[in-house]
Every structure is written in C-alpha cells, then in structure tokens.
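Structure below; questions to follow.
In this document, chain identifiers A, B, C and D correspond to the written order of the chains, with residue numbering beginning at 1 in each.
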Amino acid sequence: SRFEYVKTFEQDFPMLPNTYLVVRVDGRSFHKFTTEHEFTKPNDTKGLGLMNDCALSVFREFPDVVLGYGQSDEYSFVLRRSSNLYSRRASKITTGIVSVFAASYVYLWPKWFLTKPLKYVPSFDGRIVAYPSDQNIRDYISWRQADCHINNLYNTCFWNLVLRSGMTEAEANKALQGTQAAQKNEILFQKFQINYNQESAMFRKGSILVRAKLKQQKQQQQQTAPDVSAPMVDSVPSASSTPDVEILHDDVIGQTFWDTYTILQ
Amino acid sequence: SRFEYVKTFEQDFPMLPNTYLVVRVDGRSFHKFTTEHEFTKPNDTKGLGLMNDCALSVFREFPDVVLGYGQSDEYSFVLRRSSNLYSRRASKITTGIVSVFAASYVYLWPKWFLTKPLKYVPSFDGRIVAYPSDQNIRDYISWRQADCHINNLYNTCFWNLVLRSGMTEAEANKALQGTQAAQKNEILFQKFQINYNQESAMFRKGSILVRAKLKQQKQQQQQTAPDVSAPMVDSVPSASSTPDVEILHDDVIGQTFWDTYTILQ
Amino acid sequence: SRFEYVKTFEQDFPMLPNTYLVVRVDGRSFHKFTTEHEFTKPNDTKGLGLMNDCALSVFREFPDVVLGYGQSDEYSFVLRRSSNLYSRRASKITTGIVSVFAASYVYLWPKWFLTKPLKYVPSFDGRIVAYPSDQNIRDYISWRQADCHINNLYNTCFWNLVLRSGMTEAEANKALQGTQAAQKNEILFQKFQINYNQESAMFRKGSILVRAKLKQQKQQQQQTAPDVSAPMVDSVPSASSTPDVEILHDDVIGQTFWDTYTILQ
Amino acid sequence: SRFEYVKTFEQDFPMLPNTYLVVRVDGRSFHKFTTEHEFTKPNDTKGLGLMNDCALSVFREFPDVVLGYGQSDEYSFVLRRSSNLYSRRASKITTGIVSVFAASYVYLWPKWFLTKPLKYVPSFDGRIVAYPSDQNIRDYISWRQADCHINNLYNTCFWNLVLRSGMTEAEANKALQGTQAAQKNEILFQKFQINYNQESAMFRKGSILVRAKLKQQKQQQQQTAPDVSAPMVDSVPSASSTPDVEILHDDVIGQTFWDTYTILQ
C-alpha cells in the first residue's frame, strides 16, 4: 500500500559483535508493589523465589543466555559474546527477555503465593548493555553482587531496628548514617544476636543461574568453601524444575566461581 | 565500589524531541500460541478482546499515550509529540509498555478465557519509532489498518474455503493466489453468502483506542456513517471498564476520524 | 578474505526521514588559530569572507543544502527534509561536509589572505542534528543568529574598551559584567560614538547563504527594510562567484526572510 | 534565548568504552580526482607520500592514535582502547580526524606536487568503528592489507597490459577475469619480466605508521625478514619529519609486527 514507506522510519540498533550482552530487568515501582502485597521485610523468600523462577523461564526461552544474576527486584542476563540472537538487534533481545520475565511473574505468582491475590499487574523495565572483555563482564556481575551486599546489610540492620527495637524509620535511618560495614555487623550481633554471615546466602549474595553443562569436571578439587549460612527455607515450591540450570548463592567476586563454571569464552 | 565503572557502558538512546513516538508490540510466535490455545480461525473474538483489554492497561499506566491501534497479535501505541516520558529514553518507554502489555495478557486471561488453561507464558516483542509529521503518523495508522484489511479479507476467504468447502490449506492457498480484493469479495458472496462489509467491524477494521476527552464537542454534525456491520458478539466481558477510553472499530484512513478526535497536536 | 567479517562491526546510523538535517561545523581551537594568524578583533572581514567562501564550496558540492548560516568560526548547513543524500547516513553526510569545508579553508586561504602564510593546518568539528518541524528549523537558525548578536555586541564593547580605552582585558570584562544590551549600546555610543546598528551587518547578523532560485517572484512588494548599516568593506575578493547562491546579512528571526525565500517545504 | 531548546535535539553517540576505535577516511570520488590530476597508474609515489604526510598530521594532533594504515585513497587510524578523547563522542572524533586529514591534503600538496596546480578541493569521507578484542583489531588491519594486496596485484597486471601491451582496458579486464594470484604473478613475469615481490613494498603492503616509543627493545633478535623489494623512490620530500613516528611497509598479517611494536594493550 502507499502507506508502507513508514516502515523505513524504523531505526534498528544492532549491538556491537563480539561483546557480552547483558539485559537487566528491574521491577517498575516495586517499592509500592512489595508494600501493597505485604512482602516480608527486608527480604521476602517467596518473592525472591518467584524472581528466580521467572529467570528460569528466560533460560528456557533463550538458549544464548549463559548466566543470570538476581537480587531485590532486578535480574541480569548475560548472553554469550558470539550470540547472534535476532542478529543482535537491541530492541528485539531486550523486549523478548523483559516480556517473558514480566509475563512469567504473573503466570508463576500462584505457584509461590498460593491464594494471595495479585492486586494489579507488575511490570519491569529493561535495558541492554555491551561489555567487550571478560574482566568487564566479571566486574559487571561483581557490581551487582556488591550492591546486593551493601543494601542487604543496611536493610537487615534497618528493619531489625524498626521491627525489633521499636525505632521509627527516621530513627533507624539516623542510627545507621555514616556507619561502616564492621559497625553494622556489630550492631546486628550486639543488639540482635545475629551473625550476619549466617543469614541466608540468597539474601546476602543474591541468586546465580548457570547452565549445569558449563560446570567443570575437575571441580571436586576447586570446591568453594562450605557455606555456613542458614539453609534456605524450603517451605516454598522448588524453582529448580529445569534440570539443566543450577541456582547458586555463591560469591562471584572471587576467582573460584569462574574456575568452576566456564561462563566466559 | 571499584566495579561501578561498568555503569558507564550503558548507552542511552533518547528519541528525537517533537516527534510522535509509536511503540508497536507483537506477539512472539503467536502462530504457535493461537494454535495451541485453539483460537477461532481466522479471528478469535475473545482473543482480540483480551488484546484490547491489555491495551487499556497500557492507557491506564501511560497517560501520554493518546492513541492505540490493534489487530491480529499486535498493538500500536502513539505517544503525543510533546511527551517527555522517561526523558524519551527509548528502552525505558519500550520495555515499560511491552511489559505492562505482556503481564496484562496473563493477568487478564481468565477474565476472557475463563477456565481454559494458559498452557505456557505468552510474550511480545516491542519497538519504538519516531514520526515527525502529522501526515506520517496518520500514514502509520493507515498502514496498520490497510494491513488488517488485506490480511483479514484473505484469511476470511481462506478459512471459509478450508472449513466450509473442505479444501486443504494448499488448495485454498492456490485458489486465492493472484486474486484481487473484488474477486475475494465475490468468492465470499457466491460460495458462502457472506457480505464481507457486514462482517464484524473489529475483524475488518481492527480496534482503535482513544481517550474520550479528545472527542470534539461539535462531533454531532460530523458523525461517521453508521456502521452496518454485524454487532460485536457480547457474550464476552466488557474490556471498556476504564470510562475515559473508547474502543472503536472505525475507518482511520479517511478524514472523519481525525476530525472527530483531536489526537494530533 | 577471512578478515572481511570485521566490516560487519560498522554501525550505520541513518538520520530519521522527513526531518530537516543540520550540519554545523565549528573551528577547532580557533581562539588559538585566530590569535596566531592575527585576525582583526573582534571581527576579521577577510576571515569571515573566507568562511563564506568555504560555505559556497559546500553549496556547490551538495545540492540538497538549501540554507547556510555562518558567524564567528562556525557554519550551519540545512538539508531539505526530503533529502536522501547518502541514504541519510549520519557519518557520510557529516564528514562529507566537514571535509569539503576544511579543505576549502586551506585552498581558498591565499585568495583572501594573499601572501600571509598559513602557519598550520586549521580544522573543524562537525555534527548532524535532525529537526522535525518548520518551527524547529526556524528556531535553530534564530538560535545561531541570537548567539551571534549577543556575542558580537559584547565583543564590540569589549575590544573597544581594550583597544581604544586602554583597559586591560580583566578590566573590560568587569566593566561589562551584568550589563544589559541597552547599556552596552549606550557604552558604545557614549564612549566611542558608535551606533551599533550601523556596524557592519555581516558582523551583527552573520551571513546567510540561499539559492537564488528559492527567491519568491513577488518579493518586490515584500522587500525587507533597507539596511542602514555600514556597507561591507569591499577591498576583499568577492566570495559570490557562484551566481546562483546569494549571501545575505539579514534578520532571520522575523517573518520577512522566510516569506522571501522558500526554504522550508 | 527562547531558541536554546533546539540544542536538546543533538543526539550524542558515545562509542562503547574499552574497545579499539578505528577511524577510516577515504577519498571522495578519487577515481576522478586522480585522473584529473594525472596520477601515475596504478600507484603514484608522490600521491601516496602525500597521504602518509597527512596521516602524520593526524598523529601529531591526536596523541591517542597508536597505529595508522594507509593504501590507495584511504587511511585507517587506531585509537588505544582506553582512549577518552572527546569522551569518546563519535562525531567529535571522526570529524576531528577527517578534517585534519582533508585540510592537510591541501596544505601539503605543494610540498609533494610542487608547482602542479590543485585543480579543485579534494575531500574525504570518514567513519568510526569499535573493535572489542585484540584479534578483531588485528583482523581489521589484516583486512585492509589483504585488500591492498589483491587490488595492487590486479592493478599492476592491468596497467602493464594496457600501457605496455597495448590492450584496451576492456581487453585487459577480460584477460585477468577469473585468474588466481599465481597466474597474475606469472603474467607479470612472463610478459613484463616483473618479479612482483620486488615491486615497491609501499605499493604491495601499504604504509604503516607507528609511534617509535612503542618499539620493543629486544627487537634486534625478532628482526623481520629483510625486504628485498625495490627501494622507495626518494626523489620526493620526506614525510617523516616527525621523529617519533615511523613509516613502515611491512607485513602486518603475521605475528612479527605485533611482537615488534606494542600497539595493543
């Protein structure tokens, strides 16, 4: 038809070849969403389990995804650097992943929250970023895990002060202002007998998704130090229904993880 | 942390100011999805109603959306040219809309399909395009409606030939090859006593969403010609729960629609 | 060869169709260049004439350029909105224009500066911007002319204070700080008997290049008000060797210019 | 002023960090330019020397350029991967380099062509491409050198057939159609007693510019094989006036060059 010329206004943006592609999705206004749905503070085990389950959907749908990392209301997905998914068109990849994630969140909600009603539709923003080197992509994942650590240590103190010491939110905020990590550990231990390192690894480290086939055979000797933290509460359905994807809550800043799994190549 | 530098790799792409922005979402592999969920061929009234309902979610969430147009497994949303939504960042706008749409599709599924189970998670791709002039944006909408017309006329013939004349799909395809619109109308009328112009307007014209406040007051006189087509089957829930948005199935290629609604400004 | 895959890393960026394209070139480090080559302060008639002559080269080389505007060390070129030059590829258009301009500056230098040696190679940066509407492109040109006016009024005061009142640059700067346009006019008139409006129009308004064929026939009646400013010193070679391009020093903020020349269509 | 909003329409495109940036400039319509200026066929030593001299200008102006490669009417410049030149803004880098190159071509013309007049202004297009890995950037340079080899072998045969065997251009073209490299070498040797490997290295390999400080100290042992080809005709001015930049005509496809110069880091 004489209208078809409008198609030529589409500006395709292909991502640079030979780079790792990261798609990060993040809950839109999840401060409100988690409040309205009365998520446990600061961490809701079922909420995080649901996020991991949505990430598994993404792994099933996009074979080029080699690594996932989730914490709070966000999830990052790494595509292998040689991926030619959708000819690396930025919009296609980003919207494919974000819409699988968002639709899965609603689809899987009842599996995790049973009869608790979903009051309204949750949604996610998404972006795609290219990382040229192995170091860059490791630093990216480290950045998100460091962010997880900082926020979770703070939030654990904050909500214990509010919920168990009876402080107002303003008071708790003031009490923590300017404190270093060591001091926050101290507060937790002195006031609440909490050894932060024994808190749930999922809360402290976030969740890592990797394809099992990428696990190195010789990994017996390279064992990560045993995790002494509290075992994950298992009164929730298992997200791990896809046999070939593992969910870990390990450190990804050090070398061990990257020796154990051949993510980068 | 020392990892924060990776944030600088994000490449923001702001859409050109003073242009109409169109976000088009399209079902990913809906050939498969509609088959597996046994949608009526060629048009499933409930499926289209659900699409319209998802579009209403988008209207509720994004006040800058002034026009929606849907047909088949796709929906286009037009943002006013002065919109500063997310500072016009391409990814933010596109992923916001596509994830509201995708999550709504799952959320609203039971409202339209009752107990029919959703077998797996549907998803949508999305793209954003800038149109500089009023004529360009009208031509865009006309392009989609012309596409709807061409496909629907073809599909109506095709599925009547297959389902009512017992042709194989290959035979039906061959019978229609090279035929003009007039011949297709003739086939429908001669073989099946179908007056194509009396088919459901939603099937023939697609669905238009507009905010009621954009309706011109003087529109009594500028009335569009009464639609003589079959009334929409109303055994389905009403999508029109948002009072300020109207769902139309009118012609948008001619002048009347644009005189009736002040979309462009 | 097996190396050809590297060609696929090129990321073409086509400019949005149906928009005016502006390429603006600007002298790189012309503060230094004009100082080293002892340009007259604040305006060097030969220097500006050379800039106009370079712009004429651009007009000769690129028929889609419909308007040029120059002042100081910069020149803007407007391409008609329907231009399909290099399929609107951003790099091709920008580098084509900037390199014609830069090479012409060296090529034409002796025509304007005779035996004065060019001490080193001048160069220019360039950028391309899309403007969707007629108003936008008019505002763009107005922006540059308003910039010309503000800078030139200031510089005229500044250099008169320095060169004729014996102020240091710091003193002149301080004397002008916070002054309004009216006050600057007053200073010029009281201290130096200069009626700013009678200064050279090229200095006050900059230079406009238009193709003669775009001049309206009925323009006799729509005559612009006669320019009472000082005539351009004509001891310099004529840049206007291309008969079909006119060099004007008119106001382009008001309506008259746009009625006289059919630039926008 | 009220016009300043138009500045916001500029869409800056920063190149991805941590990638090698290549700017390639290429003569615009140099088929015509070299013909009109009667360049020697297929290689004009003075013309190539001028190109190298322009590239030296680029090296002087942009310290982040670590490698240059030139052949025919084109030159490529590699910026180190950590470069933050102009915050990596694509237009600024590209236009800076292309305009230095183009202006230098005119500026240095008389140094190489003496009194031969420059009939009109030459110009160059330019583009910028990001390469993520060391292998990619080596392959890029290899691509250009392989292109040089293929074209030069062909052109050497072609012009000898035309100029020394009296063939028409059509006949020469036909004679060479479908021939392999070995056959072309044979033609040269049998018909014209030309040992292609002893042709000027600049013609066969192109020109490489490197900063002397990047030369490895231990390079005595890693010596490249002595070049037995014809010495460069030296009746032309020396382009190598910048002491810290070396002009080579070596092989860059093999390993030796990259061991000798620390370009990549």
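FYI, contacts are C-beta pairs under 8 Å (C-beta built on N, C-alpha and C of every residue); 3 or more make two chains touch, one makes a residue touch a chain.
Because the structure is predicted, anything quoted here is derived from the model rather than measured.
**Q** What chains touch chain C and also chain D?
**A** Under the touch definition, chain C and chain D have A, B as mutual neighbours.
**Q** Give me the C-alpha superposition rotation for chain B onto chain D, in degrees, nearest 5.
**A** 180
**Q** Looking at chain B with chain C, do both copies bring the same residues to the contact (over half shared) or different ones?
**A** At the contact between chain B and chain C, which are copies of one sequence, the residues are largely the same (over half shared).
**Q** Report the inter-centroid distance (CA atoms only) between chain B and chain D in whole Å.
**A** 53
**Q** Just how far, in Å, is the C-alpha centre of chain D from the one of chain A?
**A** 48
**Q** What whole-Å value do you get for the distance between chain A and chain B if each is reduced to the mean of its CA atoms?
**A** 34
**Q** Which residues belonging to chain C are in contact with no fewer than two other chains?
**A** Residue numbers touching two or more other chains: 9, 11, 13, 16-18, 130-131, 136.
**Q** Answer with line, ring, star, complete or other to describe the graph linking chains that touch.
**A** Graph shape, chains as nodes and touching pairs as edges: complete.
**Q** So in the complex, the part of chain A that touches chain C is made up of which residues?
**A** Touching chain C: residues 8-9, 11, 13-14, 16-18 of chain A.
**Q** Which part of chain A faces chain B closely enough to touch in the complex?
**A** 1, 3-7, 9-11, 13, 25, 28, 57, 61, 90-92, 94-96, 98-107, 118, 121-131, 136, 139-140, 142-143, 146-147, 150
**Q** Please name which positions on chain D make contact with chain A in the complex.
**A** On the chain D side, the touching residues are 16-19, 81, 130-133, 136.
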